[in-house]
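Heads up, there are several structures right after this.
You will see chain A twice below: alongside chain B first, and alongside chain C after that.
Up next, the complex of A and B:
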């Protein structure tokens, strides 16, 4: 068991180095953008899935990404702060907001929490359009990464994403991570053994939102523009599509799903207004034909038993 | 036996709208005893249980645990005072391994990882679950699932363990095994047990004292022998012997 785990760690480390090294050759053109989009979408999906550990579909993720993007954008373009400060501020702002929102809303579960989180995202989007300081409807322009990073921005993004994925995975594997899964399984029991279920759920959302804030900051500085419409509920729907296609039972699911769909979506761009159908179709096909997504197929292929967990119960 | 009072329920009343599920109920659990709470279906046993364990607030009355009023506390707080319950249904984490089921119970009560692991193994050993630690709890046979649900509660090492119909669906051998475990944990860990159970033979065999409820009202209390001979209990619950 210890050996198997050791060799898995080695493979993951090697693969990470390979991806990191590969991203150095992405340059600054379309390939660079693609690398960045794939990396950020992977992290978004991993963040979304983290809240699924407690059994909730968190559509507020799009809102928290937006907060991260705007806070980071204001930090670098308006206040002239260093990029690193912007990145940390974005993550902390999203976390702080999620603590407040989570404390109030996580007393509900299932469809109720999903609807509230959906509404939260849409309200935030409308708030952005009303604030002139951040460009209201037209958004913010000229959000550039520091000159020092210009050539290496894809590599920087990939490094941050890899680090965040490792942190999320470590938390999931810890006893705290098991408590999160136990809450999804049966929260009444978790409560009887002395665990404050509500605060645990709020912490889970806060960790996920910290990551979402980072995603927002990275995204803003990759696109160089921020527009309110980038953070509508559609962002959350896309993220859900990544997870449904990739599979929910393992953190590899978001990685596979986001990679495959983001690359395929480049083809779908040619469909014009039908582009959105692409994601809808992906969700439908994945749910109908691939229970537990690509991860499930790989498990079957390797002869591993299917995991009995990870489906949000509603 | 010293008669130190662990749990004291005083004039407990719980209403659901117009329905009074439990009315003016008083009883106590002494340290080291196994107290049976019995009564026909709908007598208010589960409601009493839910109030004592912090699941429902009491409409009226006072619940004292070790001299402290716990009637306003929630389940998690009550657990930290040393009172833990099991559930009649949905009593375990079906998607997780037996190991993780017990581990969850140590999370808030033990902060050191190694101590948690030791507690899981010790608990599994006592409940005869050591050979099943890596199995998914939901896949186990019913008898073992019952043991897992007791293991979850017992892993917190409560002072008072409240068991909600733990013997339902067990066969004769399994009931015998479970009763032996109840006695062992009572003797070794000096805990008390509040037992809600329909298996009369088992209740009479293991309980030191029994409290009988009927329609939410206190009917009788006493030793198993006294209860068996109590005319009110016989007519309400046990039935006449032909």
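Up next, the complex of A and C:
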């Protein structure tokens, strides 16, 4: 067992290095953008899935990504702070907001939490349009990564994403991660052994939002332009599509789903503006025909038993 | 005093539409435990069909009222057929699976909206007025058309409440939403009741769409706005609760008209969200929610 795990770690490390090295050749053109989009979407999906560990669908993720993007944008363009400071403040701002929102909304669960997180995202989007300092409806321009990083921005993004994925995976494997899954399966039992379920859920959301804030900062500096409509609930729905297509029982699911869908979407965009239809159809097909997504199919192919679904029981 | 009259009239108009919309949402949730994100698409489908049919039917020989009536009836029937189709091929397999059904309905909503954009185009349409003229009530002004439509909407809502409160079907719908297993033990056919509940909800969304057709600017994503408000209304009122959805809708409508008058519409939406948070802080299952 220990040996098997050791070799898995080795494979993962080798693969990560390969991806990291490969991203050095992305340059600055369309290929670079594609690498960045895939990497950020993977991290977004992993962050969304992290809250699914406690059995909740967190549509507020789009709101937290938006907060991260705007905070990072303000830091670099308005305040002239270094990029690293912007990145960290974006993550911290999203975390702080998620602590407040989570403390209130995570008392509810299931459909109430889904709907309220959905409303949160839409309300935040509307708030951006009302603030002139951050460009209201037209958004912010000129959010560029530092000159030093320009050529290596794809590599930097990939490195941050890989690091974050490893951290998320380690947390999931830790005792804390097991408590999260236990809460999903039956929160009453977790409560009886003296664990503060509410605080655990809030921390789970905070960790996920920290990552979402990072995604926002990376995204803002990759696109150079941010506007309120970039952070509508559609962003969360697309993220949901990545997870549903990839599968949610393993962290490989978001990675597979985000890569496949982001690349396929580029092909679909070649035929016309079918983004809605493409992602909508992806979700419907995945839900109706592919329980546990691509990961489930791979499991079946390898002859492994299917893992229990991450569906909440109420 | 005049302002209060006007605000009262405005709230009444808005709440009539929201009540129809959120009654459907809460009914589906109660009976099937499905949070139907695609509910706004039924509403949108009716509006878009009417927007196509009315100009096509309307000619010197066919009066506008007949054109509206005929296209309204056809569109409502078409939408209910669409609802039946979605129930049988999608939602039936996901009843009582809140997360699965929600994800499915999100996907459906996105897919249907994409198709709407593809077939109907992105250009907003404003249909001609059905009835001309203005009225003054309680010091507030209202167009005759809006008053008539609001009264019809309230009539439909009251009829629906009577149907749910007094008829056998209504009783079985309520029994199933309280405890579907206990209801089945009493001999209530669960699947049939769920189908009826879903179709009634579709009908409510469709009739709300038909009634708003002459007064709304129709575009492919017209359903989304109503959907968010409808969700906020039923979260405040308590998911699955019929009186809750009505209270929630009225509250939302009052905030929207009063907030929209004294401040601006986006601030009113923000206020709705803050109030929802406050309600959930005190009652995590909404005002009328139980269990």
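Just so it is clear, the second predicted complex is superposed on the first by the 306 of 314 C-alpha atoms of A that agree within 3 Å, B and C clash if a C-alpha of one lies under 4 Å from a C-alpha of the other, contacts with A are read in each partner's own complex, and residues count from 1 in each chain.
As a convention for this text, a residue touches a chain if its C-beta (ideal position, glycine included) is under 8 Å from a C-beta of that chain, and two chains touch if they have at least 3 such contacts.
This one's a predicted model, so the numbers in the text were calculated from it and none came from an experiment.
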Message: Taking the superposition on A as described, I'd like to know which of chain B and chain C A:111 touches: first, second, both or neither.
response: second
For A:175 in the superposed arrangement: first (chain B), second (chain C), both or neither? first
Practice item. Answer with first, second, both or neither: which of chain B and chain C does A:274 touch in the superposed model? Key: second
**Request:** Have a look at where A:185 lands relative to chain B and chain C in the superposition and call it first, second, both or neither.
**Result:** first
Exercise for the section: May I ask you to decide whether A:193 touches chain B, chain C, both, or neither, giving the answer as first, second, both or neither? Expected result: first
Of the two partners chain B and chain C, more of chain A gets touched by chain C
With the two structures laid over each other on chain A, which partner does A:78 touch: chain B (first), chain C (second), both, or neither? neither
Residue positions on chain B within touch of chain A in the complex are 53, 55, 74-76, 79-80, 84-87, 90-96, 100, 103-105, 107-109, 113, 116, 136, 138, 152-153, 155-156
Per the touch rule above, chain A residues touching chain B in the complex are 175-176, 178-179, 181-182, 185-186, 188-197, 308-309
So, in the complex, the side of chain C touching chain A is made of residues 29, 33, 35, 90, 93-94, 97-100, 102-104, 106-115, 117-118, 228, 231-232, 235, 239, 266-267, 269-270, 273, 276-277, 280-281, 284-286
As the complex stands, chain A meets chain C at residues 55, 57, 104-105, 107-108, 110-112, 114-116, 118-120, 122-123, 126-127, 129-130, 234, 237, 240-241, 244, 273-284, 286-288, 311-312, 314
